[in-house]
């Protein structure tokens, strides 16, 4: 069956892969930023994503705001939630032991997931977009595409460009990179590294919030448990793409989106979740530090 | 010294809680004998929409029965009231077992009713089997619940359409109605088979739907072929890749088997994201308010197999009364009436039939109740039966009529309504192809 | 300007410094000598607030700084060029230098500082667009010193700047140190290389096993028997 | 011989009386005519204790598995498949434990060189991959239909004693290991792997050993649990089962014998307390039933976060200070 796939089908599968990839890029970039600066793996990252989706959902319903603009509200709210989480939870266990940090994020998964369930039940929701009924036709490959798909890709590109500029071109971006490359040297430069922790955590969760909003516009994927798996996959992506590498997270996210949709197409839906981990284990068996990871001193 | 006080306090609190928990289990004796019916439903997890409907229907049935004076049980020489105990299986097997254990052993129920997801029910029925508690299963569609061979299922009854029924009705409808319509409208070569694609939930229910479809097509020798078969994981929200592959196979119709949220979303995504403009056929599990709500105008012209038409124009007086009572009793947070679903209708019937059986038995002895359920004969209620009577066959299954509804979008009320288009005996309207329907002639 | 008074410090349960005192006056080059593991690096870390003392006080221009976080200490004008250089490997030379001018005061003068620094270390100007990790060891050391100078420090502390460098480069770096001092920057130099350190220093301290055992002018130290025996091999 | 002499020494120590007291309380419970649901619930608690203990042993060697459910499930599926096909009772338990131990060696081999978070991901990934295989290999595992597991024992009271025995057995084994040289090596590796290597400890060997024993115990417990629940499907590999022992052990006290007991007891307290007040809660607002089951994990999550922040070593050291006189 996969052998006789026509061009338009192939193109469509690639597009689904890229669109899912966009979500993974946003999620992985945020996770990567937090890991780079704090050397903490926040397994609860996906819950911030879903929380961000909920914020946009309620804002678009109660304030009647276009969901693409409610992303900004979501970024702000989740950014602050992220900052508070760092301040109240992560800062206190930072450096005590890796296990504590990992289990703390596990605890946050439980708290956030179930708090969302208690507040909004497990019902699956989808943010309705004003462009819901508009489709665009591409003559050359003869496919119809929902306009929202194109907008989502566009928004992701814009946000990632903004993120890239912030990291590469601004003073605070430099400070963030300095902190992630050499924490004690960064302190000696006069950088307040605790502030950088807070800022990167907030920025990382804000990126997750945009991922959550875009996801909820495309799919009815807004329910409290929906974030757990994507966050784990995002982590495998940054392991493969090189912990701390901004480009690695982008390329890895897109590549993984493609891998996942091809896995569904070729192997079947059962393998959707398994494929990420299969790749991860294979890679780690060969290179215990990750595909592009560096040996630690 | 202060810390020691803290500790003593903590230990004291823990001890008090421990003692009270133990005492609770030790001392709880029911104050007065009532008929205790235990409802097993998924109130949380992926099956919560259907579970909530079962709960509402069960409460309604119990309230009606009690309002009418309860059930006369000759052993007690008086009418007993019915109390409903609810156990949440959380749509997970292990939690289902715990819920049923609790209903049987802690709440001391006389009879069980409910059970939604097939795989959950296969697990949660085990304590009922082991403790010889009659269990009228109203949700799980796998025939295994009464036909499994590893356990004695003599206390299990299946008041529900089974997967075989879904598929039988659907393939017959495809052959009897859809294929001729396509040929009449010049949409397909009369010489070729009808091209059917299937997209099912990767669990006992979904895969069962596929297996039985294949079986019926072969057994009945129908000119239908399955051109694409895709699965999705329970709880999935993104069906685009599977739908794209289905689109590539150029089907005339898509038969999809999922729970409410999955099915409605996959139809929406097929039309909206993928642009697969075809006929989508859902099965009766989706007969819930949420299904219509999510679909909205995307549901226009789409198909639902069912045996309880909550939105269809009146086809049975009992159903009309039930819908009116239900909507009177249940309103959502905004005060709008909630529309009943199919699983609730099953459960509602089942509670009446259980009470009838208890009345016949004249006792609350579980074995006697079981015998009376096995031999029950009463008029059909909400679910229409092939011979108009409720009775169980040798497999402890019923023989219901299921039908096909087509949805239409009413843009003035912004609501979906449905009409029965198959079988002819119940037909309210003719089946129509969607205006933007696309397929290949040859 | 810097007064360290009776400082004790420890890592976890292990005490490293015992009642250490020293002072540095404006315009001086002061050196702290001592063998490996004497606690020199711990001492500078304590001054910079990377480690907080158990007891004793550290004053800078008569203000207590021993409870301040590192970034505030940097802000008031103490800069450390750390041992092992500790540059940011995946950033360009230019970005590294900009980070040196991170504090607000330094940022205002960053163009002027850059000019001065490129005068002292012309090689950095050539390589300013390269990633720092591609520089040679000596160039990295220069970058570390230059980066320290970017923040217009009042006091520049250098921890083992000559470690692992070829003698030629060491000479170059010590020359630049004098140049920096002449531009009005006070220098506290931590060194194992007693000879060279005392060549440029006004005064020196000798730290052994976490205790200050000796202090004095460069000529006094050079004349000391213990120093002669243990460090100069005479 | 060594074990016996160990025992005799320990009898002199007061701390031995607490476990004995605990055991003495647990033994007669089914005889006292408690509702059999209470017995059932306690059996589940014993399962929690023993399963968490097996995880805790692995954590004691510095390796935190995030997919421990893999071992539970392998044990369960092995015994289910074996018992269904051959109708030989009991042997499946051992086979399940051995299959799981074998899987433990395999996973351990992949994991010995990995950092904490990689290890967490690989173990988690292993259980997720198992889900896919279980669903696909339906000729063997029953696929999505799951398997009905034949009963080993006639009643819940029997299972109660079975699970209790298994729990005592696991804890005793773990106790012996922790008191032995092996336990010392585990602790050394956890504290500092490089230093441990430097002092001549064969790190790879001991890490693998920890994986094997832990997986063996988890497999054994999973096998018995499958018979107890009488049904198994791929949800046994789910995140719920993987995270359960982590939560219990961390709250109770990671790397301690009593940690899982304390954690499980706390979980049970909360759970039963909520179950008992449920009717009252529903009287106040019937809508509560839709979210009621989320309150328990929410409370556990909050406790977990609070414990990590406020007492990173768990409740156990705090209790120990008062309850267990120092030797």
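In order of appearance the chains are A, B, C and D, and numbering begins at 1 in each one.
One rule holds in what follows: a residue touches a chain if its C-beta (ideal position, glycine included) is under 8 Å from a C-beta of that chain, and two chains touch if they have at least 3 such contacts.
Nothing here was measured: the structure is a model prediction, and the numbers come from that model.
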Chain whose Cα mean lies nearest the overall Cα mean: A
Distance between the centres, which are taken as Cα means, of chain D and chain B, whole angstrom: 36
Distance from the mean Cα position of chain D to that of chain C, given in whole angstrom: 54
Chain centre separation in whole Å, for chain D relative to chain A (CA means): 32
Interface hub residues of chain A, defined as touching at least two other chains: 117, 121, 268, 270, 273
Multi-partner residues of chain B (each touching 2 or more other chains): 44, 48, 202
In chain C, residues with contacts to at least two other chains: none
Interchain contacts (touch definition) - all pairs: A-B, A-C, A-D, B-D
Contact set on chain B toward chain A in their complex: 44-46, 48-49, 202, 230-233, 235-238, 240-242, 244-245, 247-248, 261, 265, 269, 272-275, 294
Interface residues, chain B side, partner chain D - complex: 3-4, 7, 14, 17-18, 20-22, 24-26, 28, 43-44, 48, 52, 55, 86, 88, 90, 92-94, 97-98, 101-102, 104-106, 118-119, 122-123, 126, 130, 142, 144, 148, 150-151, 202-204, 206-207
Interfacial residue positions of chain A with respect to chain C in the complex: 171, 174-175, 177-178, 181-182, 184-194
Complex interface listing, chain A residues touching chain D: 41, 43, 88-89, 92-93, 96-100, 102-104, 106-115, 117-118, 121, 228, 232, 235-236, 239, 268, 270-271, 273-274, 276-278, 280-281, 284-285, 288, 290, 296
Interfacial residue positions of chain D with respect to chain B in the complex: 32-38, 40, 44, 84, 135, 143-146, 148, 150-151, 156, 229-231, 233, 235-236, 240, 269, 272-273, 275-276, 289-294, 322
